[in-house]
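Below are structures written as C-alpha cells.
You will see subunit A twice below: alongside subunit B first, and alongside subunit C after that.
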Partner chain A sequence: MSNTDFNETALSPGDKAIQAESSTALPQDTIETSRRRAKWLAALVLGAAISTGQVPPFTHPYGRRREEFPAESSTLAAGVDPVLLQNVKDLFEKGASEFFHDGMDSNFSRSLLSLLGSRAADALSAIAEYLSGNEGNPEVVSEALRWVAEFGGPDTLPKRWSILRRGLKSRFPVVRDGAILGFAALDDPRAHSLLLEARESEQIRELQLLIERVAARLEHRR
Partner chain B sequence: MAKFPIEEWQAQQLRLTVFPPPNAEHRQPEWWQRMTGTEPSESTTDRKRNTSLVSGEFGGGNLTLGFSPERIDWYLTAAEGPINPVISIEDIGPMIQSVDQFSALAERWLAEQDIPEVVRLAFGAVLTHPETDHRAGYMRLRDYVPIPVDPDWRDFVFQVNVRAPRMAAHGIPYLNRLSRWSVGARSSGRLSVSPQGIAVAGTGAPQYGLRLELDVNTPADSAGTIPRELLADLYRELAAASRAIASDGVAHEQYRLQ
Partner chain C sequence: MVLLLRKIKQHRWYKELAKPFLEADDIPADPFGDLQTTENLLSVWEVHEDRSNLVRVVRAVAMGGQRIDHTGYILFDSVHLDAAGIELQQNEGRSDDKGANGWHRDLVLSGKKLLALAKLLLEHGETGTITKPELVDAVEEGIRSGELPESCRKKRSGG
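Now for the complex of A and B:
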C-alpha cells in the first residue's frame, strides 16, 4: 500500500508500518528491513514472476511496527527499537569498566534502572535481544540480572523471567550466579522447579549450594 | 455519510494471543496439525531468541502458530498466492465469515486439556473497508470516532482504549478495548528484476480504505490465572466486543469519552 494515512506498500513488503504521509522521520523499520533483505529480494523476485507484478503479503508476527508511544493495553508483539538496543549495548559495554560490589549500586545499575524506569517493557525487550545476540561482559550481565529481577510488576514479570532463565543456562558461572540471585530476588515460588532443574546440571559446588538455599526458601514460601 | 453494515468489513489479520504464567512449559507445535487436520507447510525456530513459528494454509488464508518465551499467538492472514481481483491481496475475506472460521478453531484450542494455564487473553483484528477516495474515507471516519474529522486533513489516526467492566464476577476486573482508526491508500506496482537492477513502476490508481485495528484483551497486571473453563467464554466476549466496535465505532454513546 502506498501512503495516505497508513503508508503500507505492496512494493516494500517489510513490516506493515504505518507512517504519516507527510512525516520526515526515517522509516521505522529500516534496520530490520535491511536485515531481511535476502527475504525481501526473494519476495521481489516472486513478485516479478507473477503476472501483475504485485508482491504477496509478507507476514512476520513477531515484528510489529514500533511506535513512539505504544498503547499500554496493547498485546501486539513488540519489535525491538534499534535505538534502544544501541543504548543497551552502549550501557553494557560502558559497564565493563566498572567494578561491582555486592548489594551496592553503581553507575551501571543507576543507568540501567533509569532506562527501565523510562521504557520498562521496551527496555526489557532490548536487553533480551542484546543478550540473545551477545554474551557481553559476564560481570556486567550478572550485575544486570540482579537489578532486572527486582524491577517492575506483574506485567513485566514474563520478560524478566525469560531473561533470568536464559542466564541460568549461561556458560559463565558469574552469570549463572546473577540469575540465581535474580530468582531469589523475584521470590516467586513458581521458580522452584526451574532451580532444581538448574541444580542438576550445575557443576560448581558454590553455585549448587546457592541454588539449594534459594530453592529451599521458595519451597518454604509455597 | 452513514455507517455501513458490518458485513462489509474485510479482515486483513485475526489474532488470538495467550500469555501463560512464567513457569509454564507451553510449546507444542503439533497443536497446529491437531487443530487444522492438515500438515503445516512451514516450521521455523530461532534458537537464539527462543521463538518458533508453524504455519500453513487454512480456510483460504495462512494460519500461523507462534511461540515466544512470554506468549503463544495464532494468526490468520491472507494466503500467499494468485491475486484475487475482488478483494485486496492483503485481505483474508469478509470479516464475519473470517472471524467465525477463526473463532471455531480458537475455541476448540482453548478447550484442549494440554494448553498451559493462561494469565492474559487477547483477540486482535485488522479490518479494512474500501472507500472511493481520501475524502470519502475521512467523511466515513466521522461516523465511527467522536471527532469531527475534516476531509482536508491528512495523516489522521485515532486510538482509544475504552475499558469495559464485563467479567468482574470471574475475577477479571475489566476488558481493554483498544481500537485504532485511520484511512489509507493501497497501490500496486510492477517489478522487474534484471542484471541492471530492480525497477519498480506503479500501476493504476490507489485504492482507499477505512482501517480499523482492534486489540481487545484482559488486563496485564492481573496476577492470577484465568480459570480454564472460562477461556472459551472469555474469548467469545473478546470477539463480541470487537464486532461491536466494528459495527458501532467509538462515537456511540456507550463508548463516549467522559
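Now for the complex of A and C:
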C-alpha cells in the first residue's frame, strides 16, 4: 500500500464536500487511521466469509442480477439520457400488449424505428441500458433485437453488435431467437465464431438448427 | 406423402417447451396465435416430398407480408389430417409467384378440429425459419428467372 492511498488527494469530491461542510470534521490523521482499520477489518471479514462459502466471491456490489445483457463496460451506462431511458422503458412496456408477425410492422416497430431515427446512438445506449436491468417482456425484446440489428450504418454497428451478443446469452429462448435472427440479418461473417460458441451452450433443438443454418451461410460468405 | 406448410413464428412452437403440456394431455396456448382462420379455413401450402420447392413456397408466403423478413414455418405430413377428420381443399393461392399458387390449400376447421390440428402439429410437425438474407437472395433469383414480377424488388429492400 502506498503512502498516498489515504491522503487528501485520494479523497473523492463527495468526501471533500462533507469535510468542508461539517463543523465537527475529525482531524485528518484520525480519519486516515480509522479508514485503514476499517479497510483491514472489511477485508478480514470478507475473506473469512468467502473461505467458509457463506458468500459467493464475485457478487455484484448492488446485489442485482445481471445475467441478462450484463453491462459490457461501465462506459455503456455512463451518459445515458434518463428521459430517453424512460421513453425506451415505456415503449417496451407498451409493446407487451402487441402480437407480432414475421414481415409485418407493428406499433412497437414503428415507434422503435422512429426513436432510432431521431437519436440513433443515444437510443441504442438507452436500449442497452434498459436491457441490462433484466427488464422487458421477452417477446418484445426478441422483436426489438430483430429491428435493432438492421438499423443504421457502420457507425452504430458496435453498439448493435454488443446488444445482439448479449441477447445470445439470455435465459429466454425467444430472446436468443431474436438475437440469432439479428445476426442473420447482419449477414456479417465476423459473427461466425460467436454463433458457434452460442451453439455449444444452446439446449433448444430448434435454436441449435437455426444457429447452424445461419453459421453455414456466414461460413460460405467468408 | 404430401407435406403441408403453414407460416408461423417459430419460437411459439418449441417442442421442448411444449413437452410438459403434451405429457399432461394438453397443449400450450401460444401456437394458436399462428392458426388464425378466415371463414373456418386455414391457409397452408403443399411442399414436395423431396422439399425441392420449400424455399419457393416460403418465399411466396413471405411476399404476402409488408416486407421481406425472416419467415418461420411448420411442416407436417397430411396423413395426420385424416385421423383428425380435417378436410383439405385445393384453392388457388394469391401470391406474387403465379407458378406457386397451385400449391396452395385450405384446411376446413371447426373449434374442435383446430384444437386437434394444434396438437398434431406439436406432435408431428417440424419447424424451421428461412432467414431474411436467404429470402432476399431467393427473391432476387425469382425476379431473374421470371417467377416473380419486378415489383417484388420493393419488398426486397423493405419498402
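The rule is simple: the second predicted complex is superposed on the first by the 143 of 222 C-alpha atoms of A that agree within 3 Å, B and C clash if a C-alpha of one lies under 4 Å from a C-alpha of the other, contacts with A are read in each partner's own complex, and residues count from 1 in each chain.
Quick note on the criterion: a residue touches a chain if its C-beta (ideal position, glycine included) is under 8 Å from a C-beta of that chain, and two chains touch if they have at least 3 such contacts.
Note that the coordinates shown come from a computational prediction; the quantities given were computed from them, not determined experimentally.
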Practice problem: Could you look at A:S142 and tell me whether it touches subunit B, subunit C, both or neither (first, second, both, neither)? | Solution: second
Check whether A:S118 is in contact with subunit B, with subunit C, with both or with neither, and answer first, second, both or neither. neither
Partner touching more residues of subunit A, subunit B vs subunit C, is chain B
Original post:
So, A:V214: does it touch subunit B (first), subunit C (second), both, or neither?
Top reply: second
Inquiry  = By the touch definition at the top of the document, which applies to A:P158: first (subunit B), second (subunit C), both, or neither?
reply    = first
### Query
Can A:H101 be said to touch subunit B (first), subunit C (second), both, or neither?
second
Shared subunit A footprint, subunit B vs subunit C, residue numbers none
Within their complex, subunit B touches subunit A through residues 13, 15, 17, 19, 21-23, 48-51, 53, 62, 64, 66, 68-71, 73, 75, 77-78, 80-83, 89-90, 120, 122, 124, 134, 137, 154-157, 159, 161, 176, 178, 180, 182-193, 198, 200, 202-203, 206, 208, 211, 215, 217, 219-223
Interface with subunit C, subunit A side, in the complex: residues 99-105, 142, 146, 173-174, 177, 181, 184-185, 187, 203-207, 209-210, 213-214, 217
Subunit C residues touching subunit A in their complex are 7, 9-11, 13-17, 33, 62, 64-72, 127-129, 131-134
The answer for subunit A against subunit B in the complex is residues 1-11, 16, 18, 20-23, 44-45, 47-48, 50, 52-57, 59, 61-62, 71-77, 128-129, 132-133, 153-155, 157-159, 161-162, 165-166, 188, 190-191, 193-194
